[in-house]
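For clarity, chains are labelled A, B, C and D in written order, and residue numbers in each chain start from 1.
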Amino acid sequence: MEYVVEMLNITKEFPGIIANDDITLRLKKGEVHALLGENGAGKSTLMSVLFGMYTPEKGSIKVRGNEVTIGNPNVANSLGIGMVHQHFKLVSNFTVTENIILGLEPKKGFVVDVKSAAKKIEELSKTYGLNVDPYAKIEDISVGMQQRVEILKTLYRNAEVVILDEPTAVLTPQEIQELMKIIKNLINEGKSIIIITHKLKEIKAVADRCTVIRRGKYIGTVDVKNTSEAEMASMMVGRQVNFKVEKTESNPGEVVLEVSNLSVKNNKKVLGLKNASLQVRAGEIVGIAGVEGNGQSELVEAITGLRSIEEGSILLKGMDICKHSIRDRIRSGIAHIPEDRQKRGLVLEYTIEENCVLEVYNQKPFSKFGLLDKDAIAKHAKKIIEEFDVRSGEGAKTVVESMSGGNQQKAIIGREIENNPELLIACQPTRGLDVGSIEYIHKRLVEQRDSGKAVLLISLELDEVLNLSDRIAIVNAGEIIDIVNAKDTNEDELGLMMAGIKRGEGA
Amino acid sequence: MKKGGIISLIAVLLGLIAGAILIMATGNDPVEGFTYLFQGGLKDTERIGNTLATATPLILTGLSVAFAFRTGLFNIGAAGQMLIGGFCALAIGLTVHLPSLLLVPFMVVVAMVAGAIWAFIPGLLKAKFNVHEVVSTIMMNWIAYWMVYYLVKNHFKGDTETESRMLADSATLKIPFLSDLFSGSFINFGIVIAIIMVIVISFIIKRTVLGYELKAVGHNRSAAEYAGISVNRNVILSMMISGGLAGLAGVVQYAGNSSLIQIGVLPTQGFDGIAVALLGMNTPIGVFFSAIFFGMLSTGKGFMSAMTSIPPEISDVIIAIIIYFSATSLLIRKVINKLTTSRKYKKEILNSNVNVGEKVE
Amino acid sequence: MDLIIQIFPYAIAYTIPLLIVALGGLFSERSGVVNIGLEGLMVVGGFASALSISKLQQSYPNASWVIWVGLLIAMLAGALFSLLHAFASINLNADQVISGIAINMIAGALTVFLARNITGSGNIRITGMSRGDVDILGLNLSHIPLIGSLFFKNAYSTTWLVLSILVISIFVLYKTRFGLRLRACGEYPQAADAAGINVYRIRYIGVMISGAFSGLGGAIILVTYSGEFSGSVAGLGFLAIAALIFGQWKPLGILAASLFFGVATTITNVAQVVPSFAAIPQLVLKIFPYVVTLIALVIFSKSSQAPKSVGVPYEKGKR
Amino acid sequence: ACGKDSGNKSDSNSKAGFKVGMVTDSGTIDDKSFNQGTWEGIQAAAKELKWDANTDTKYLKPSGESEAEYLSEIGNLNDADYKFIVTPGFKFETAIYKAQDKYPNDKFVIIDGAPHKDDKDFTPNVKKNTVSIFYAEQEAGYLAGVATALKLKTGDVGFIGGMEIPPVQKYNWGFQQGVKYANDNYGTKISIKKENVIYQGTFKDVAAGQQIAASMYDHGVRAIFCAAGGVGVGAINESKARAKAGKEAWIIGVDVDQYDEGKYDGNKSTILTSATKGVAKSAADMIKDEKDGKFPGGQTLIYDAKNDGVGLPKENPNLDSDITSKIDDVFNKIKSGEIKVSNVRGNLIK
């Protein structure tokens, strides 16, 4: 058996934590090898070791049978190892070409030869079916396209082994499909791939073998064909995992949110949401399905007051709130789990306590006469921490910055739910989380519905939308294409509608 | 906070060591030099009084800069705000005839309001037009400089051409009792104002709704907006509070430490306030101590120069080096953090191990 | 308009040091390091050139190359001194603002101290360069219509030196390998790092260029309009930072901003001598450049184009 | 509050018998004006009396310019046994008023000022441990005006001042009177236009000095009298740049002989002459008087033409003997009182 890469007994420690504890991973030539583990299990760390960003304390690495020392990414590159990071390493105001050639710029005299590089990139893009415009600016292209730029970056550097760290977390279903195709193309051209993902379905779809780690320890390597999703999941978390969201039939009551003919401009000052109408009733979850950037953010920001509207109306329990301030809307019962938890949802320098009262700090009992009541705040935080299982080093006094993403998210969800809203808007509530956390958060959302709240769910995960929602609104190019019952539809149909093809129109 | 104190102390220590090397390079004895430096600031009650008096405007400008920093703004304009605040107080003191007990508080309030108004402009420009406050406050400094220059020259010209008329002692913060207590030092009621402001600002930052909002805006504008906090209002308010503090520095300087205003100079306390704030880790208590430290250095350096042949320029270099090292506090902090946090993470892992049962097949 | 043409050479003389220093600031900030110490670096440059030129002029009183050597030494001194800032901000993760302020303070005190110890006076006087129509290869550039009379008539040769540095800077920033990498480090150092670029080294170079250019700026003041080193450049370094921000971190923007400051300040200074301005109160004249700047900032304000990672210490391996 | 200065370190008293300290005024020790002049005077005296300049003389630079800051530096000097203290500039007036009482055993020399209580009570109060010194700048300005007029014969001349402070104003007014005298008595046709008399507003802005001077020259001004510190530095530099390019551009220097500062092309200089005053001389005089036990405590001394306290430099390479002899005439007339130079503005410009 020929291995391109062998990572043998790798141990990597960080101050206070052993991120990788004696882990072995062997990559066969021409295979797609999945790496599976919970948040913080040590996957990214292991790959960073392979890519030369960290030096392991113990263990050795062999590439094509020869033992090597990978001291920095340049060495990795020269060994034919390329990596697409979880957080893209792209300069947003550079063009695609500039980003790809960065560090390896071809020159003509003193001048960087952008033209010939762009041509080469175009060719590569064709060979692998990547469809990237070399002259586009990163900030103008979709996340999926950005990811393809990252892949191109490795190919431009002649990578034989491509590491993909959670490549699908940020992609739409269509984009995921495309990525799978691209992965197959890469294999056909003789590359080998390591892919990190939390999504077992994807592993089943593309991977040949799968290595599972948990809390830094090697659990095992399995043949994907012969292992079920449930088996892999329990290897990963150490217990049985429930995939199907358990929920009863919904029992919708009065209309809580009514959006009519709403038009909203986006950041580029053109209409990002056009003439949208939508109702959310008490006791139901309405999901928005759509490819990122098709008007979801505009819709949410218009409802919450973060963005001004051009036309139309927004009624909350019959009251027009278009002219209301953000604060008034929060008071009248809108809660919002924001899409970007670190940018919008939290003040990272504040403690959990302080973050727990982010919207209500100026209300009784948390403050009186302009003075904060620390005891009341602490009590409130304690309740959220306990009820929502928020884990952190120093309890309520932990500075949020030092918490893991999953726990940050739980704190936000707890805070929003504790505000006892009429309408809960949940944007990407489980982005980047492992299955255990996802399971938990889904349960809480359904609980909200069952207690008679209106829930508006925005998610790029079709699975999530399908499983949680009672009704689903599909957006495309800023328009609501259709609103369907979740029971009466399926992933394929949704996918088509998200691409702009109305029911009954296509196929 | 305790950690902050240690960091500043280490910075000061490193600065002094570097200063010692420099003093040796000039062929002098650093131990002797530092002895006189500290003696010059603390040797007797008069000198202690002078140290405190010198520190008074620094406490206020330091608070001004620190407060703005805490809310995400860089106020380089403390000098101008101080000048305008001091000038307005002086103008009142020279023209309004009231009993001392009414006049002086009136002047203090006017100084604070004037400084706040002067800072309102960059605050507004920042909030409404996204004009970088560093540029606008530099411009406001020069506008203040020339306004005071011509207003004093044309309306309040005193004994000499470069100075305003003098305030009567009854229109200043001077109190003979304090001065006598410190054997004739120029310490005055300003120090009490400064201490009160340290407490007030500390209270605002830590305990009030206002402080919560201001810090939230300073740390993360998007999150503040999301939570319904008016970002623009808070930016303006923060600049105004910062300006008000600088304005107070003006009244304690020009109607306390001195009784007149000089034209043709921007008060150095405005810029020193930046250093004071940073050495004080942007906390009110830190500012208080670092201002006193600066006050001591600037009172003591003359004595050091007088008693040794260390040139006066060297003491300025030493102060600068201390500030340089205080800049590296992040590194010092990191070292300390590393020592404390590795423990923290271990605890966290333990906790999570307890929480998740092991059920592997 | 006549007035403008007439005062233009002096406005240029004031603009040029501002421009080169702001340009230096551009390199530093584009690499991701805020440099508030430009003022101090200018002082260092002024000192180094004053000292070297005055020494050399003792032996070669009439040689014009002496001045160019002085400029070169100023650049070296500025670059060397900026290492203090680079070390603090890049290696020690220092707060870049404080470090810059410390640079200003150290420079001001240390140079005067050295000047006194070396020459016996805190001030060092030199004979500056002469002014004339610029001609290159026998071509008198002042005959170019409009531009010629604005830029090359009655100009110092440092003017075209700086203008050519400006052109080269634009080229370097936007066309060369180094420029691409430098900008990447200021925008998103993680990306540069992942591409195998040594972020630390690029930032060092950026800061050192800012030191060299600031040093040059300080020296140009010396050899053109001041003729004497006195331990201060009167806030010009801060004005350069304002020009950098006002110019939105772009070379041509900086040129426009510096020129704007230069012309506005010159009008203020010269207006006193022009009878037709006599009616305007002194105060109005003096605050004119600052008020106009504020107004201009409001008019041209839009979302800031600051490099995204400027002021953020880069730590390898931090996520 | 007093009494604490009594001999804490009496044994270490210098071999000179007394040590001389100075507190600087605004600006640096190298300001070519009060500070530098005073310090040079102290140094000259020290050299003459064969003191150790390092330990027997000392200057301190206050952190600011308030009375309190001046007083604390005076206190530092006193505590370090520098009990003969010279302070240059009128800004020290109220500080010395207090210091002369607070440190009765110290000697004070205040240059260009008289101690008084505050700005309501101007009554000079020179105690017997203090000497107050003034200069008749207007007389120096007058001579410079005459010299300029004689040299140029026709055309415009100008004046650039720093801030509108008395010594600078007196130079200006004297200069204007001197030009007029030459026009009236020697047939010169020199004019001073209103716009060519300027106070820049600082003593620091070198760039402004260069630009104002350039602009004046562009408007036909042939010579500029500069009493403006750093602003003057810019002006002198501009004059040199022009002179090197073969154009006429004169400067009249101030306070000290600035001939060297205007040097270009080897030995030529743009400094037509300089209006000088004997700051250094007066400081040195006081020290020597003290040494000889003749300290004129309690007196207010005026350095003027009569005692050669103000005037023009001895050597004036840019003036030929015809001119210098005429100036000597004028100088003698001032000395004898035949010519009276006013030290107030009257109808003069600014």
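Assume a residue touches a chain if its C-beta (ideal position, glycine included) is under 8 Å from a C-beta of that chain, and two chains touch if they have at least 3 such contacts.
Just so we're clear, the structure is a prediction, and the values are computed from it rather than from any experiment.
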| item | value |
| --- | --- |
| Partner chains that subunit C and subunit D have in common | B |
| Of A-C and B-C, pair with higher C-beta contact tally | B-C |
| Averaged-CA centre spacing for the pair subunit C and subunit B, given as whole angstrom | 29 |
| Whole-Å separation of chain centres (CA-atom averages), subunit A against subunit B | 45 |
| Distance between chain centroids, defined by C-alpha means - subunit B, subunit D (Å) | 37 |
| Multi-partner residues of subunit C (at least 2 other chains) | 112, 116, 282, 286 |
| Residue numbers of subunit A (touch at least two other chains) | none |
| Numbers and ranges of subunit D residues touching at least 2 other chains | 201 |
| Which chain pairs touch, all of them | A-B, A-C, B-C, B-D, C-D |
| Contact set on subunit C toward subunit D in their complex | 6-7, 9-10, 13-14, 61-62, 112, 116, 121-123, 125, 127-128, 130-132, 221, 225-228, 230-232, 234, 265-266, 269-270, 272-275, 278, 282, 286 |
| Subunit B contact footprint on subunit C (complex, rising order) | 84, 88, 92-99, 101-103, 105-106, 108-110, 112-113, 116-117, 238-239, 241-242, 245-246, 281-283, 286-287, 290-291, 293-294, 297-298, 301-304, 313 |
| Touch list for subunit D against partner subunit B, complex | 1, 4, 21, 26, 54-55, 58-68, 71-73, 75-77, 79-80, 82, 90-91, 93, 102, 118-120, 122, 163-166, 169, 201-203 |
| Subunit C-touching residues of subunit D, taken from the complex the two chains share | 28-30, 32, 193-196, 198, 200-201, 204-208, 210-212, 214-216, 218-219, 230, 233-234, 236-238, 240-241, 244-245, 261, 263-266 |
| For the subunit C and subunit A complex, residues of the former touching the latter | 171, 175-177, 180-181, 183-184, 187-188, 190-197, 308, 317, 319 |
